[in-house]
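Here chain A shows up in two complexes: once beside chain B, once beside chain C.
Now for the complex of A and B:
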């Protein structure tokens, strides 16, 4: 066991949060105007850039799907993103798993049938990792796709949750993530539907419902924060174009 | 339990908190507007937002319906036209419409057709049958034309064209059956967001300084040296130059030597598919690059691009002797402010 006290008897976590508090969430959209859509998301100290190109003509014939758009995810984790410098190859098992998870998530939430025979290229660059990287990536991709004007059913807002003894802890940082079983979910908009659920280790079934309830509420809060950014950016643009 | 949820506030939110307040007002306005059915341009909707519960609206682009309720699927403005309800995205790729004057780049030469990149979701199609070939309009397209398609237009060539039709899957078909359209030479291409271009009656202009501009509706802009034929529309001169070009090229050319009746036939000689640029003097090159940077400044400041504004921006840019200064952010903003000011002075 680690010497760190992850959850003090007073109800405080290692970084001073309560069990149901999210970390600082900051997001920007349209950070790279050269791309069709782009975003930058910070969740605590996890930092992710996402750039979307498309829907566009696929460069390869093999990528053409006659009925719907093909979504291509390119994940890249910078070698300086962790405390210990470490090179992660593209064919790393974990990377491939994250890639497929994200592809499946967004194939469901993007209205890809509207863009037959096109390719949507999503490039994700992780700059710093401090836990919940998959959640941060999901939020960044959602924002970048919205910025690109790709039709989606709803926001997908992701957040992680862990179980410490009896209490669910929302939005884990890297210290907590290493020491407890953790679950990442992607919530669809304001509903209680999940577009994504990833659990890499064991979690007691009787605690699961409790944990999911906390995570869904956290997801809704993140959706609101992202929505604020999209709206303020949109209003800014509209006022510029009409003036 | 979920109501207990408290969250650390993001730090820099001062500037946005005002926005947020105004946003709430807008939402109120929105709900009023839904009741009245009047027009409101200022409201922005985001994906998954309920636009209306009224099932009588027809669902257009940017919306989807679930259980008779219409939701938005993109971030943009609601547009209500008669009973059609659609959401126009704030950003997005160009969508081709029949009759648009566009500029594109050939990406592929295929069976009887070229694929043209026009900044759309899919590449547009230019059929061999919808271009002017050397030898006039009445000439039939033969198999030999099919074989030498690459001699007319090859990968990487730029051309201006008109959208002839848009297929149901969103793909556009182009045509260049007019003297205005065809291969582009003697200039430079510039790409800006298509949302900045306003559809107009005329999209090609001669600017002061012997420079011509073609503003494609798809956001591709072509700046070139004004050709001698367009400034002095003397039929004889163009015929002579065309014929001398033919003579110098040698070899068999379809339509060569035939007596031309209309100007179209003369113009649609091999010269229009030539790859050779004219001699462009250093001063014109300088002027072109100045116009280029002025338009770039306008797109950086998200100012709608029109011929008048380009001219005004050009005049404003004269205070910078060095055109390379114009790519700096401050200079760009000063120029755009100048354009807006001079528009106000004129009362436009």
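Now for the complex of A and C:
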């Protein structure tokens, strides 16, 4: 059992949130003008930069797909991102799993049939980890792809949810994540469709529906926050064009 | 980006003449404009991000750890990560070696001593997010700023623990943490920098851009700290992704005149970095953008 009281009888979590509250969510797009699309997302203390190049001609013939775009993910988790410095290799099992999960998610969410024989290169750089890294990465990639002007069916907004005793807790931080089973989902737009679901440990089946409902509601909230940023950035650009 | 023979010859000729003209209109000793932020990573002791107009970007974090002095050979450890390059590639290992070499020779490691038995070990992690020209100047400038913004917790236990079996304890109050300059008890703490210099004919150019790198006759990497040019000074081919057909040797006299020339000019870059560091300390936003 954990030393910390993760959920107090009054209904407060370690960082003072209630069960259905998100952490501070801050995002920016078009942060790196040298790339086709870029974004920066902070979820709590997790910080992720994402940069997208493409759709472009693939440098290698082996990467050409005649019917749709190929999405290449490069994940890089900085060795200083955790409290204890730890060097992570690119062939780490967890890294490969996250990479394939993200590749599959975005192959479905991007209208890749519109870009045959092209490559979309996505570079993700994790600067700080404070729980829900996969969710933060997913949100950053969504924003960067939107910034790059890649056609997508809708936003993919991701959030994590955990089960503590009987209550589902939304958007876990690193302390909570270490002590309870949690899953990460990616919601498509304002629908209840899921583009991604990753559960790395066990969760009781009868609690699952409840947890998913909380997570989907959180995902919709994150989608709104991302949409606000995209629209305000768009307006800013239009005002520069007209003046 | 590869240049055609015609472009190459045009740029070479304009750099070679008596009053050289650089493709981006800079004077020979002028750096490209840069933008930087410091102290944005709450999990690191110090951090900095620096970028220049062509999209090159570098992030450096400084983390510290208390170690037993006698068990550690080096009190400073570099790690370099360049996007698009494997960690064991020649390019990355060369960068890492150059940085380690510079810091081994010019960083006051002995001042990292905490007590008789223990000392701090600094881990410098450098991520080169994107680069077009040779990235070492950028990396050392970022680490300059990161080290300037580095704070270490205040020691509250005894300094002399040679007779007693005790581990160092620190103040819980982060407001009492000391900047490296205070910890070293020096007025002017100035980490070393690398300056890249390109040579064409009799002319030298600091901070050559990607296009210039491809026509250079030779490249120099010069250490710089506290108004002096310092060791290591090396020469290398700065163009990493093309076979530089102009590449040839240079006269020793040119090296001496270059070092003399730089001595007077480079203090302005350190002043600029110091001003930036001071401004960032005054309004600490903790945000990277």
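By our rule, the second predicted complex is superposed on the first by the 243 of 243 C-alpha atoms of A that agree within 3 Å, B and C clash if a C-alpha of one lies under 4 Å from a C-alpha of the other, contacts with A are read in each partner's own complex, and residues count from 1 in each chain.
Here is the rule we use: a residue touches a chain if its C-beta (ideal position, glycine included) is under 8 Å from a C-beta of that chain, and two chains touch if they have at least 3 such contacts.
Fair warning: this is a prediction, and the values are worked out from it, not measured in the lab.
> Please determine whether it is chain B or chain C that touches the greater number of chain A residues.
B
> Pick one for A:28: touches chain B only (first), chain C only (second), both, or neither.
It touches chain C, and chain B stays clear.
> Please work out whether A:61 is in contact with chain B alone, chain C alone, both, or neither, and reply first, second, both or neither.
It touches nothing on chain B or chain C.
> Taking the superposition on A as described, I'd like to know which of chain B and chain C A:93 touches: first, second, both or neither.
neither
> I'd like to know which partner A:128 touches here: chain B for first, chain C for second, both or neither.
Only chain C; A:128 stays clear of chain B.
> Where does A:80 make contact in the superposed view: on chain B (first), on chain C (second), on both, or on neither?
The second partner, chain C, only.
> Go through the superposed model and pick first if A:232 touches only chain B, second if only chain C, both, or neither.
After superposition on chain A, A:232 lies in contact with chain B alone.
> Quick one: in the complex, what on chain A touches chain B?
17-18, 20-26, 30, 36-37, 54-57, 111, 115-118, 146-155, 170, 188-190, 210, 213-214, 216-218, 221, 225, 227-242
> In the complex, go through chain A and note every residue touching chain C.
Residue positions touching the partner: 28, 31-35, 40, 45, 47, 49, 51, 74, 76, 78-83, 85, 87, 90, 123, 125, 127-128.
> Write out the stretch or stretches of chain C touching chain A in their complex.
The contact residues of chain C facing chain A are 41-44, 54-55, 57, 59, 61, 63, 65, 79, 81, 83, 87, 123, 125, 127, 129-130, 288-289.
> Per the contact definition, I'd like the list of chain B residues that touch chain A in the complex.
Per the stated touch rule, the residues are 1-2, 4-8, 10-12, 16, 19-20, 22-23, 26, 41-42, 44, 46-48, 62, 64, 71, 73-77, 89-93, 107, 115, 117, 121-123, 169-170, 195, 302, 304.
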